[in-house]
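Common to both upcoming complexes is chain A, partnered first by chain B, then by chain C.
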Partner chain A sequence: MAGEKGGKEAAAGSRFLALLKRNRALLIFFLFILVMPLWAENVYKTISLDFVFIMRLVGVYTIAAVGLNLLMGYAGQVSLGQGAFFGIGAYTSALLTLKAGFPVWVGIALAIAVSALFGILVAPVLRLKGHYLAMATLGLAIIVFVFLREMTWLTEGNFGLSGIPSLNLPFTSITGFDLPFIKDKAQRPELYLQFYLIWIIVFAALILCSNLVRSRVGRSMRALHQSEVAAEAMGVNVSAQKIKVFVLSAALGGLAGGIYANLQGYIDPNMFTITLSISVLTMVVIGGMESIWGAVAGAAVITFLPKMVEAIPKWVGDAPKWLERYSNYEGIVFGLILVLTMIFMPSGITKGLSDLVRLRRSPFVNPFRRKAVE
Partner chain B sequence: MPLGSIVDFLGNCPQYIANGLANGCIYILVAMGFNIIFNSTGIINFAQGEFCMFGGLFAFTFGVTLGLPLPVAIILAILATAIIGALMERLMIYPLRNASVITAIIATVGASILFKALGRMFWPKEAYKVPEFSTGNITIPGVTVSRQFLWVLGLTVVSVLLVYLFFNRTRAGRAMRACSINRQAASLVGINVSRMSLYSFLLAATLGGIAGLINAPYASYSIGLFLGIKGFTAAVVGGLGNTFGAVTGGLVLGLLEELIPGFLTVVLGVSTGYKDAVAALLLVTVLLLRPQGLIGKGVVEKV
Partner chain C sequence: MSRESRPDGGANVALLEAMSLTKTFGGLAAVKDVSFKVESGSIKAIIGPNGAGKTTLYDLLTGIYLPDEGSVVFQGRDIVGLATHEITALGIARTFQTIRLFPEMTVIENVMVGLHHHTRAGFVKSAFRAPSAMREEAWMREESLRILDIAGLEMQADNLAGSLPFGQQRLLEVARALATKPRILLLDEPASGLNAYETSELGEIIYRLRDMGVTVILVEHDMGLVMRISHEVLVLDYGEIIAEGTPDEIKGDPRVIEAYLGSELD
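== the complex of A and B ==
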């Protein structure tokens, strides 16, 4: 009896070790995030980049991007409406915590629920394909934006909502803690708590998604991406599967939005325009289609870029004048990333580069020389 | 719902219809651009609205900054927009001619973001006053329209007629129609499909440029998104790919967009800000209920 139990434990232990071995990269990344505030706080002033502050946002955008990647990268359904779900989540959580006095985490949980519900409500658009679906989701994003702006009795319109309660430890009133080993630096307790809370959620979401795509559901998603007719013939319920992944993607968008509202403390409708949808799309494109962990890279690049541009004058002293205002050329950066990536590495930058390393061949195909198949 | 306000609304109707016609003309031109490109390449060009943006902004540069006479400025603005369309086709659409739908969508969305950002970089103000073709108003009892309105109507009618003649009377136009029916068969009978794709972008950008011009008196880097979605709505209402369905679609959208918010504001006292959502709501509704358009025929999916 005892021996059998011991054997079971040993088996479980070795299985756990095997799991760790398989997910070495994940483990390293986890440790990196775990200790990041310790070194980041000590170099913050030297390089003028507030890593802890920015990485909270990276976490939020990662959640939204991984949701979109499930829908677009795996299931092949283009959505330009992820910003709308983000906005709905943000407003749900903000209104519930600010006006109805709900606890922050209840607000965020309901943000997920409301976004998912809205996803179910608009799921009929999934009957559309390709360009039509993209345009319809763009239309939905515009509708949501206009309603957020115009329903002033609820959302205060363009004035926005301010004073949204910030994240705390669930079921407590703890709103922050100090870190050890921080030298001659003012501690920022709320920031550390928010950072760790957000990244716990990010890891949970990423692990959930990476398990999902390796499951039966994930395989059927990829099957319907290749050919809906073939997938249907193999017994995949295409429309049900599409709706499921769409709602999951909406829920993740809502989760990201809910956290965002409680993180920023202030939201207005202009934060959730089509520009947000496009930046999430750019994150997915950078991270690579069909790549769960790529979403982190995409979110990091897009979030760090403006902050680095702001920091450049502090590094080199005198930066050219045009460089200073990132918002002036943000669109050029996004546009060039999207267009050039699609032409030269249609499966995304991270994936293209990893193919370069793995297959020892150029991921670049010269599209101007490609032979016409037609 | 007081009766008096309904009477007020009905009294305003002629004015709404006049405004709706003027906007509808712009949507017609944008929608035709969508249709022409869709027919010869199978791509929905998300940057179509940005062609209009360029039309207006170039008109400002040539007409006001450089002070050229208005007709010259207009022709130069249209030419410049057409060149941008052609460049876009050669540099982006041609390399992507065998790409998947997702790739094409993301690339044209990227182009639209890029164009908008370029517009914002070179013309940073929110609004530029583009010279009108002629100033002043005409008042018929109940309706006041600007003289510009007559130009808008006239130019739209002329453009639609010219496009009609191009597609029915010229060799290139008929070749493009062949492409829209079956690209592979068209290439087998000796039509240069890739050149037709170039022509379609030239033509669509030209129409977009004209739409941007008659969208005067104001031009701005930010008009592209809304003009794009409205033009696409008009195209879908008329049946996507049906070049002249765009005329119906544009007029329907233009009128609804004035009448619905007019009704909401005058009769129900709701904010006019909802006007921006009319096109998007119509788009989603039509796509869901009649994806082939109000006057289109059904399509069968090929396996």
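== the complex of A and C ==
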């Protein structure tokens, strides 16, 4: 009896070890996130880059990007509509918490549900393929934006919604969240709490999605991406599978939006224009299609970029004037990044960089090593 | 030699029956009033010049196209109107004339997709790695290796399907179709592009399938292979059946010779 129990425990232990081994990259990143507040405050003081603050947003965008990556990277259905689901999630949670007085976490849960429901409603667009699907989802993003702006009786239109209850521990309103290892108690406890809450959700989403893509379901998604006819002939219900991925992607978009609203405390329709869809798409592409990790990298690059440009004038006294007007031409920069990524790292930065490392170690082709005889 | 050794002992059970199938594309009849029966455990070849409607016939049998007229009865059930994946689940699998593997997936993953409808784990169970999903996953891997072994591809299991040499890609298509555990397997020119050695290997595999109880329909241009392995041959020309019989009967049929070589002294 005891031996059996011991065996069971050992099995559970080795399963846990296997889990850690399988997700070791995730584990390293988890530790990185865990200790971030230890050094972030000092970094903020020196280079005016508020890591904890920005990383909350990175987390939010990661969720939206990982959702889009399932749909676009794995299942091959290009969507320019992720911003729409993000917006619907944001408004659902904002309205429910602000006007109906729901707890924040209920608001966010319902944001997921409403976005998913909307995804089911518009799922027939998946009958379209390739560019046509991209166009249709683009239209979707624009329609949702117009609705958010014009339904003033509900959304207050361009005035936006302000005073949205902020993200907190479930069903409580703890604001005095002290981290034992932060000596300077003067800074923003709520920020750290939100940072950890968001990243717990992000890690959960990343782990679940990476499990999913390595399963039967993930294989069927990749199969229908590569040949719909063959996938169907192998017994995969292609149209049903597409709809399921689309709805999951919408739900993740809604989750991201819901968190976003409760994080910012203020939303207006102009946050959820087609630009948002395009930046989420940029995150997926530069992070890497068919890469769960790419979503984090892509979201980090796209979110940090404007903040860094913003911080440059604080580093150097006489920063050129055009840097201050960065937000005016941010779209051009994104476009440029997108084009350069497609040319030089078509599989995204995560795969692109790991390939570079492999290439550098390779004894064969090695552009990095100088030729012995010039 | 094997033509006499049918496992069903010639019980003449029609596993699949096509009844006056017709399909026209813009006035052109690709398949016209085609009826035939396939007996359980047999190997039936469908031959005919290019454009005779062989692939269209396959597309009708597997639900990719709806026939304009006629019906397909499989194991006593009319399958016209069912979706392709439903037909696959009933037990009709196919390969493609132009190779349609999943090139960016590994060889074993390709076969595992073929096992899709034999497994149940959905989004939630897969995402949470539920024990039942994990058991299925282990079973799929084991089963796929077994199937790859039949096709002689087990050494290639972890290579990308797109990186295989052409002949092995053809074999992988067969292996992947086999993974759906079909009662009847439709092979669409499996020997095209194969060299003599690979073709004879393919013939061996088809025999082995027959011994496993899989009925085979074979569309093929390699007459050597067709005449060697099939029990019955059906000849199509311009979408119509012009002859049906044993390989020996077909070889001497003047209509067949005419279809292939043109009529004498026209």
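The definition used in the following text is that the second predicted complex is superposed on the first by the 349 of 374 C-alpha atoms of A that agree within 3 Å, B and C clash if a C-alpha of one lies under 4 Å from a C-alpha of the other, contacts with A are read in each partner's own complex, and residues count from 1 in each chain.
Just so we're on the same page, a residue touches a chain if its C-beta (ideal position, glycine included) is under 8 Å from a C-beta of that chain, and two chains touch if they have at least 3 such contacts.
Note that the structure is predicted; figures quoted are calculated from it, not measured.
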Which of chain B and chain C A:Val146 touches, first, second, both or neither: first
First, second, both or neither for A:Val229, with chain B first and chain C second: both
Partner chain in contact with A:Phe29 - chain B first, chain C second, else both or neither: neither
Which of chain B and chain C A:Asn237 touches, first, second, both or neither: second
Broader residue contact with chain A after superposition on the shared chain, chain B or chain C: B
Touched partner set for A:Arg216, first chain B, second chain C, both or neither: second
Contacts of A:His131 with chain B and chain C, given as first, second, both or neither: first
Which of chain B and chain C A:Tyr329 touches, first, second, both or neither: first
Doubly contacted chain A residues - partners chain C and chain B: 229
Chain A partner contacts - residues on chain C that touch it in the complex: 62, 64, 83-85, 88-89, 93-94, 96, 100-105, 109, 112-114, 116-117, 119, 121-123, 126-129, 133, 136-137, 140, 176-177, 179-180
Of chain A, residues touching chain C in the complex: 208-209, 211-212, 215-220, 222-223, 226-227, 229-238, 244, 248
Parts of chain A lying in touch with chain B, wherever the complex brings them together: 72, 76, 78, 80, 124-125, 127-132, 134-136, 138-140, 142-143, 146-147, 149-150, 152, 229, 274, 278, 281, 285, 289, 328-332, 334-339, 342-343, 346, 367-368, 370, 372-374
Chain B to chain A touching residues, read off their complex: 43-44, 46, 92, 94-107, 109-118, 120-121, 124, 183-184, 187, 193-194, 225, 229, 232-233, 236, 271, 273-274, 276-277, 279-281, 283-284, 287-288, 291, 303
